[in-house]
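Okay, so subunit A shows up in both of these, paired with subunit B first and subunit C after.
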Partner chain A sequence: MIGLVIVSHSHRLAQGVQELADQMSTDDITIVAAGGLMDEHGAFHIGTDAVRIAQAIQEAWSEDGVLILLDMGSAVLSTEVALEMLPPAMRERCRMSNAPLVEGAIVAALEASLGRSLEEVNQAAEAASRLQKIAQE
Partner chain B sequence: MNADRPEFFHQQDEQPQGAGEVDLAPNSAPGSGADPAADTTTVTVANPLGLHLRQGKEVVRIANRYRCQVMAQNLSRDSDVVNAKSILQLMQLQARQGHTLRLWASGPDSAEALRELKRFLEEAPHPPRATPE
Partner chain C sequence: MGQEITLPQFRRWLLAYARRIIQEEDYLTELDAAIGDADHGANMRRGMVKVLERLQAPDDNCNDIGSLLRSVAMIMISSVGGAAGPLYGTFFLRAAAVANQHRSVTLPELARMFRTGLEGIQQRGKAVLEDKTMVDAIQPAVEALEAAAEANQSLAVALASARQAAKLGMEHTVELVARKGRASYLGPRSVGFQDPGATSAYYLFETAAETLATPAENGSEQGQKSTSQEPGDP
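== the complex of A and B ==
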């Protein structure tokens, strides 16, 4: 069973996406939110934090791998830095997903709970970018 | 296997018997997309919230317990035929309470799969729960 990490510029958005993804999943899938940037007073601001992301990957760690879903921009840069902080053996079992954050997390959580591999879960999540949301009448 | 639609088949561990040449594409014309030799049934969506995300999750979970391929179409919307093992495709049915779905299954355990899915979709739902917290 792979683990999932949710990276967003917003602490609350990452938590909300995690909450939604947890609903689609089972207890044996670990989904960890890593959103926002904490100041010295413990308050969260908009931003991403490579150290927190690296910690989240370790919390979500599974030998089967960890899929990282992110919003955009510096979320990607911070995640790259976070991956460089990890031991190479761990880093090579992590994937950054190109999936849209919300839909991708929903799909990834369900697919992961069905026991799919890291690559399979990522493929299913990335397919969410082609999702037609509104029924065509 | 159709290389244009990798996501459609990615969950299939193996091709069901006899379905190798059959076009089960999600975008084909309604009614023409499923294996003519497949088992089929219709169900009426009982849940007042329709086939919502969490109920869809259970449908995907049930369908994935079986080896057969499971397809679904929302007849009330004249929708595409979709793969019921994929949550993304299932959500495209946009099924509301009272809508009629046609399900197809082809493979060794297709009859059991259809029975269980029909029972699940037609059973009286539990009252909607608020998200805990």
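== the complex of A and C ==
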């Protein structure tokens, strides 16, 4: 079973996506949120923190790998820095997903709980960008 | 030629940089409000307050230039937030790797540290010259430093020409169309504004020219004579 990490500029958005994804998966899938930037008073600001992301990857770690879902922009940069901080053996089993954050996380949680591989889960999550939400006439 | 830049000078440089950013917080925010999301000043200030705290602590555990730069990098990637955090963090991490275990470096080594740092920024941010980013200030400065090292110029001359090159690069961003980050969504409307990232990057070379060319007074380099302003009261 792979692990999932949710990266967003917003702490609450990452938590919300994690909550939603948790609902779609089984208990044996670890989903960890790493959103926002904590200041010295423990308050969250908009931003991303590579150190927290690296910790989240370690928390979600499974030998089967970790899929990282993210919003955009500097979330990608911070996640790249986080991956660079990890031991190479761990880094090789981590993927950043190009999937849309919310839809991708829901699909990934579902696919992961079916025991699919890292690559399979990522493909399914990325395909969520073509998801037709509204029935065509 | 043969002049070395020591660990206390690097510490003095980073303290001066942190103070300059804190002083210019409002200006950086104002620049970012025009074409970005108005957070560059506050983001950089948050990181720099931590850098000051760390480097002014009685024991910062930084016994060589590599570990000093690495500690600054870790603060930037974990507390700055926007793209600037991972980009400056990568710059300092890569430069730190070149200066690992060094308690002093020569001008050619300094040029190599900055070149390696610049390559890290470009690898991470995928920006090239004229994209209206920090690269527009850093790349000309690195090239000036390399040219000065090649020509065996003094440290003072080399750092002054790097500062001048960074300044021209920063000012040139006014004419450019942004091709990276939030500002790129503005397209041609981003012309006419100076890039905030190029501006905070210029301060690296401005403060380097002020601090790295002259020897630090032994042991008391934290007492900064020239800048009496107290860095942002919390």
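Just so we're on the same page, the second predicted complex is superposed on the first by the 137 of 137 C-alpha atoms of A that agree within 3 Å, B and C clash if a C-alpha of one lies under 4 Å from a C-alpha of the other, contacts with A are read in each partner's own complex, and residues count from 1 in each chain.
One rule holds in what follows: a contact is a pair of C-beta atoms (placed from the backbone, for glycine too) under 8 Å apart; a residue touches a chain by one contact, two chains touch by 3 or more.
No experiment lies behind these values; they were computed from the predicted model shown.
J.: After the alignment on subunit A, I want to confirm one thing: do subunit B and subunit C clash, or do they fit together?
T.: fit
J.: With both complexes superposed on chain A, which partner does A:37 reach: first (subunit B), second (subunit C), both or neither?
T.: The answer is second: A:37 touches subunit C but not subunit B.
J.: Name the contact category of A:46: first (subunit B only), second (subunit C only), both, or neither.
T.: Only subunit C; A:46 stays clear of subunit B.
J.: Kindly classify A:78 by the partners it touches after superposition: subunit B alone (first), subunit C alone (second), both, or neither?
T.: second
J.: Could you say whether A:132 touches subunit B, subunit C, both of them, or neither, answering first, second, both or neither?
T.: First partner only, subunit B.
J.: Which of the two partners, first being subunit B and second being subunit C, lies in contact with A:106: first, second, both, or neither?
T.: first
J.: How many degrees apart are subunit B and subunit C as seen from subunit A, counting from C-alpha centres and rounding to the nearest 10?
T.: Roughly 150 degrees separate the directions to subunit B and subunit C.
J.: First (subunit B), second (subunit C), both or neither: which does A:8 touch?
T.: neither
J.: On the A-aligned overlay, A:120 touches which partner chain: subunit B = first, subunit C = second, or both, or neither?
T.: Touch partner of A:120: subunit B, not subunit C.
J.: Report the closest approach of subunit B and subunit C over their C-alpha atoms in the superposed model, as a whole number of Å.
T.: Taking the overlay as described at the top, subunit B lies 30 Å from subunit C at its nearest C-alpha.
J.: Within their complex, state which residues of subunit B touch subunit A.
T.: The contact residues of subunit B facing subunit A are 6-7, 10-11, 53-54, 57, 60-61, 64, 77, 79, 86-88, 91-94, 131.
J.: Applying the document's contact rule, which stretches of subunit C touch subunit A when the two form their complex?
T.: It is residues 39, 43, 46, 50, 74, 77-83, 85-87, 89-90, 93, 124-125, 181-182 of subunit C that touch subunit A.
J.: What residues on subunit A touch subunit B, complex-wise?
T.: 19, 23-24, 103, 106-107, 110, 113-114, 116, 120, 123-124, 127-128, 130-132, 135, 137
J.: Which part of subunit A faces subunit C closely enough to touch in the complex?
T.: Against subunit C, subunit A makes touches at 37, 39-40, 45-52, 73-74, 77-78, 80-81, 84.
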